[in-house]
Amino acid sequence: MNIIVFSPHPDDAEVLMGGTIAKYAQKGHDVLIVVVTIPIQKEKRIEESKKAAAILGARLSILDLNPHELVFNRRTVETFDSVIRDFPPDIIYTSWIHDSHQDHITVSRATIAAARRNRCSLYMYEQALPSGLTPYGFRAQAFVDISDTIELKIKSVSAHQSQIQSFSEQWVQGIIARATYMGFQISTKYAEAFEVVKEIKDI
Amino acid sequence: MNIIVFSPHPDDAEVLMGGTIAKYAQKGHDVLIVVVTIPIQKEKRIEESKKAAAILGARLSILDLNPHELVFNRRTVETFDSVIRDFPPDIIYTSWIHDSHQDHITVSRATIAAARRNRCSLYMYEQALPSGLTPYGFRAQAFVDISDTIELKIKSVSAHQSQIQSFSEQWVQGIIARATYMGFQISTKYAEAFEVVKEIKDI
Amino acid sequence: MNIIVFSPHPDDAEVLMGGTIAKYAQKGHDVLIVVVTIPIQKEKRIEESKKAAAILGARLSILDLNPHELVFNRRTVETFDSVIRDFPPDIIYTSWIHDSHQDHITVSRATIAAARRNRCSLYMYEQALPSGLTPYGFRAQAFVDISDTIELKIKSVSAHQSQIQSFSEQWVQGIIARATYMGFQISTKYAEAFEVVKEIKDI
Amino acid sequence: MNIIVFSPHPDDAEVLMGGTIAKYAQKGHDVLIVVVTIPIQKEKRIEESKKAAAILGARLSILDLNPHELVFNRRTVETFDSVIRDFPPDIIYTSWIHDSHQDHITVSRATIAAARRNRCSLYMYEQALPSGLTPYGFRAQAFVDISDTIELKIKSVSAHQSQIQSFSEQWVQGIIARATYMGFQISTKYAEAFEVVKEIKDI
Amino acid sequence: MNIIVFSPHPDDAEVLMGGTIAKYAQKGHDVLIVVVTIPIQKEKRIEESKKAAAILGARLSILDLNPHELVFNRRTVETFDSVIRDFPPDIIYTSWIHDSHQDHITVSRATIAAARRNRCSLYMYEQALPSGLTPYGFRAQAFVDISDTIELKIKSVSAHQSQIQSFSEQWVQGIIARATYMGFQISTKYAEAFEVVKEIKDI
Amino acid sequence: MNIIVFSPHPDDAEVLMGGTIAKYAQKGHDVLIVVVTIPIQKEKRIEESKKAAAILGARLSILDLNPHELVFNRRTVETFDSVIRDFPPDIIYTSWIHDSHQDHITVSRATIAAARRNRCSLYMYEQALPSGLTPYGFRAQAFVDISDTIELKIKSVSAHQSQIQSFSEQWVQGIIARATYMGFQISTKYAEAFEVVKEIKDI
């Protein structure tokens, strides 16, 4: 299968669904991480993203949209359209429509609009932390057991050295705590959780 | 009564509430369809819209806003303000605020903002298909029995030949299926359904 | 896989997900339809249910709870617990928590409570019609293409002769219209739609 | 038209929609207030209800269900069924499904279930105060201008002397404040507001 | 404590939480009202805002953003970031994310994004009236008893003479009615109500 | 202050807000844990609850309602009424209204009904795990930093030996992970999170 993961900034894909990406890759699926914008430290963060994607076994594409022009309009949707045209996905993952960050909201809405043919499944991962508190509660619906890939996930997150420096070591601890907490919900060690926009079930 | 129907693109009004428009017109009400933007095939689609409006007995106004500049901002609201000032409505219909398409969301939000005096009723019609799947469920609240005007509706939809060509004949079948499904909910043959933003009830 | 379908009354399973049940059965999965209560015409309706289940290739279990004592309490949950213990499911389907009918709400809540180990997926099908209008909109999230099993579905629905008599032929037309409408949303001929409570994704 | 107003306890109908009831009555419609249960001071409160209904021009029916047995089950729905069978309504009003009070929730759910034929409109009025705070916000959708009947409303509310004694004069002030506040929203002096469950629109 | 109140236009802060502001000020807290944009009558309205802020005992800052460029994008968030950096708040108040007015929505979203460190509490006040009706119901969660400061509130509102002229005297009556209505909900004379985005509880 | 914590079963209070209880107690507030029902192992679990309450510095009351009769009706609300009458609270904590477990829902609804005077604040804690997955997302709004009381919390949880035996050691790890995850959201080590029903803010 072809799987697209839209990542508003470098590291969102790894932090919020790195274990799931690694699992897809291990099963032979073709995962493309699409980083939408890089507001600062562009070169350094591209380097980190490359390392992280390699760890997970995913391909990487950098849209590099201007962060000051990134709003939910026809231009952005057209850009996402072309990503989907070039790499026709069976499944798409994107950010949460109720995230607090303007770029996460825009990426979520543009993905939903671009996926309008409804011939693929579409899921949203959670908000990044700290920063994601909004007037909405995330509805964890679809769980992936990542007990076998938690180490790859942490390794891929750790490739983002610039973020560990700015958020401190507590950042990684919070990521592990979330995976433990989500795992607990389905009686396994580690899990990642998603909200379903639409799903084409294959029976 | 004066009734305004905001239609993000040509055909939205006909597809989603053509039967209701015809019914208003037959009762002697004055219905104005306002097409907001026409991204492609402008001349052809204006022709089709004219034919469709004539079939339903409605007036037609083409705002023809630039689709690449159509976002929810003061300029768009001011444009909608002037529509309302020129044709003071008793009732307004607009697109669904939770639609997937950027233009439908913008039109919905701009209508809600422009209707701020709250002296008229305001309803939202459903999402267009295929393309409308979002993280929300449409709340069908207000039903109009269109058993008497389903033929006019289908005729007006069929006036949009360009769409039938691009979506195939299944498009019209889906539209009839929706009307049948909505009709079934109120124990009649065909119906159209709306979500209520606000309603000034006349007792 | 073992799949349990809780059906508040005879025919709910067939009307709302008969195509999906047939599809599971054709793929060799073991589907158990659990009819919870039969308020009237008990013998006749059991006969009809048996025929319908046979058509779909599913097993049938009749809990036959007293309809006047069916409320969401510990006793009901314990009954559902024992169903799950006897036939450990990989997937459960149940009625919609926001349905209008007291039995549908009770069955939905009891299923959610009984599935508390969270080791299986849980979906809710839509409300029955006419009768399902409530202050909520159904969030169609997971779609199953039933183009190949629509005939079996209609046959199984038609096995419920008592219902066709009480609702008239329009009942079957409404069911086909819903399948067509849902199919249109994912660009196929016929589909059934579900809201996700929780899903253990197998990658 | 026939209009049924389900009132969980005496005074709910008058407090929350007395102005609307008076308006219907003045236009020649037949309004039936159905008081569901009377937990205390039964005789006194029936007297007050009779006076209040007479002031508004409505008929009164007292179901007098046992308050300790009033839950959302088949028995309660059957009782509501018989009310609807005896007085076939064009419109039904009931309490809010998200109210805090057990009886208000039960009455709301039982009304929604009993109105399952979907051939009449169904609205919910707001929560009573003080006591209505819950984890939900009321969605005021349908507004009735009651500037002409506010005096009748206050008179009908004042007929409930027992409540004025238990809540103090502030109770009536709060009721007027709510009508003023709702009126302000549609640019009139006084209004009452409702949430729409379903509406059969007559065009 | 430092408290920031984002006010999309002059008067929003006073109309929707003037009593609360006065109460904070009387307790010695430092309240900063930040007016974001002034679409018309700029000089006059700044004068009125200064008077109103002085009456409440609050400081005033005028961002004076161009109303035609005010959308939810990185530039706006950066502007809000700098407000927060210059006056590090313990609590922030902002407009409602589901308001009808484009500026209120933008201010709400930009505040939520700018408060991303999550180290301060964040509340939303209600919509202004008339004009606030949207497809959402405000969830009044946090109540402040303003019986002691209602007079200051009305005085501060009255400082906005230009608004009284455009909305008529009924405007002030509506504001008092809302405070009475909200007060009634917590059994006091006057109150203001807020929806909680996030709250760092100090025990 | 007087604080009531309704705990459907033994251990819910400790698992979901033990750190907050300890913090209140350390500040000299009077916390009463009210255990509503004990379905099995009654004596053992009362013993454990006593130990746990003592560790947190809270008082304990055991309602011991019959678990097979615990539904949301007038009788249950009257029982909660009497708890509130005997120990007039400034703040109440209760279970989540959207929990999956029938007893948690009933306790939540009965608390909301019993707190109808609206003169105290009312919060809901999260669902227990594993078992809490429902068609709703918890809206974490109010956070309490429990970094100083996490050890007391874990000690109080560990007093429930019967639960550790039935859920295994992973149960405690999940509880710590949740506290870490919630702490991360407000940039501290450990936190507990609540959804606000209503809050009387003291300024």
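We call the chains A, B, C, D, E and F, going by the order they appear; numbering starts again at 1 in every chain.
Just so it is clear, a contact is a pair of C-beta atoms (placed from the backbone, for glycine too) under 8 Å apart; a residue touches a chain by one contact, two chains touch by 3 or more.
On a predicted model such as this, the values are computed, not experimentally measured, just so you know.
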Partner chains that chain C and chain D have in common: B, F
Centroid-based (C-alpha) most distant chain relative to chain A: D
Recurring contact interface, reference A-C, options E-F, A-B or C-D [over half identical by residue number]: E-F
Far-end chain from chain F, centres as C-alpha averages: B
Geometric centre distance via CA averages, chain C-chain B, whole Å: 34
Distance between the centres, which are taken as Cα means, of chain D and chain B, whole angstrom: 34
Interface hub residues of chain D, defined as touching at least two other chains: 71, 117-118, 130, 132-133, 135, 140, 185-187, 195, 197-198
Interchain pairs in contact, sorted by label: A-B, A-C, A-E, A-F, B-C, B-D, B-E, C-D, C-F, D-E, D-F, E-F
For the chain C and chain B complex, residues of the former touching the latter: 129-130, 132-133, 135-140, 170, 173-174, 177-178, 180-181, 183-187, 189, 195
For the chain C and chain F complex, residues of the former touching the latter: 71-75, 77, 97, 109-110, 112-113, 115-118, 122, 124, 195, 197-198
In the complex, chain A residues that touch chain E: 39, 67-71, 100-103, 105, 130-135
Contact footprint of chain C on chain A as seen in their complex: 20, 23-24, 27, 117-119, 140-145, 185-187, 194, 196-201, 203
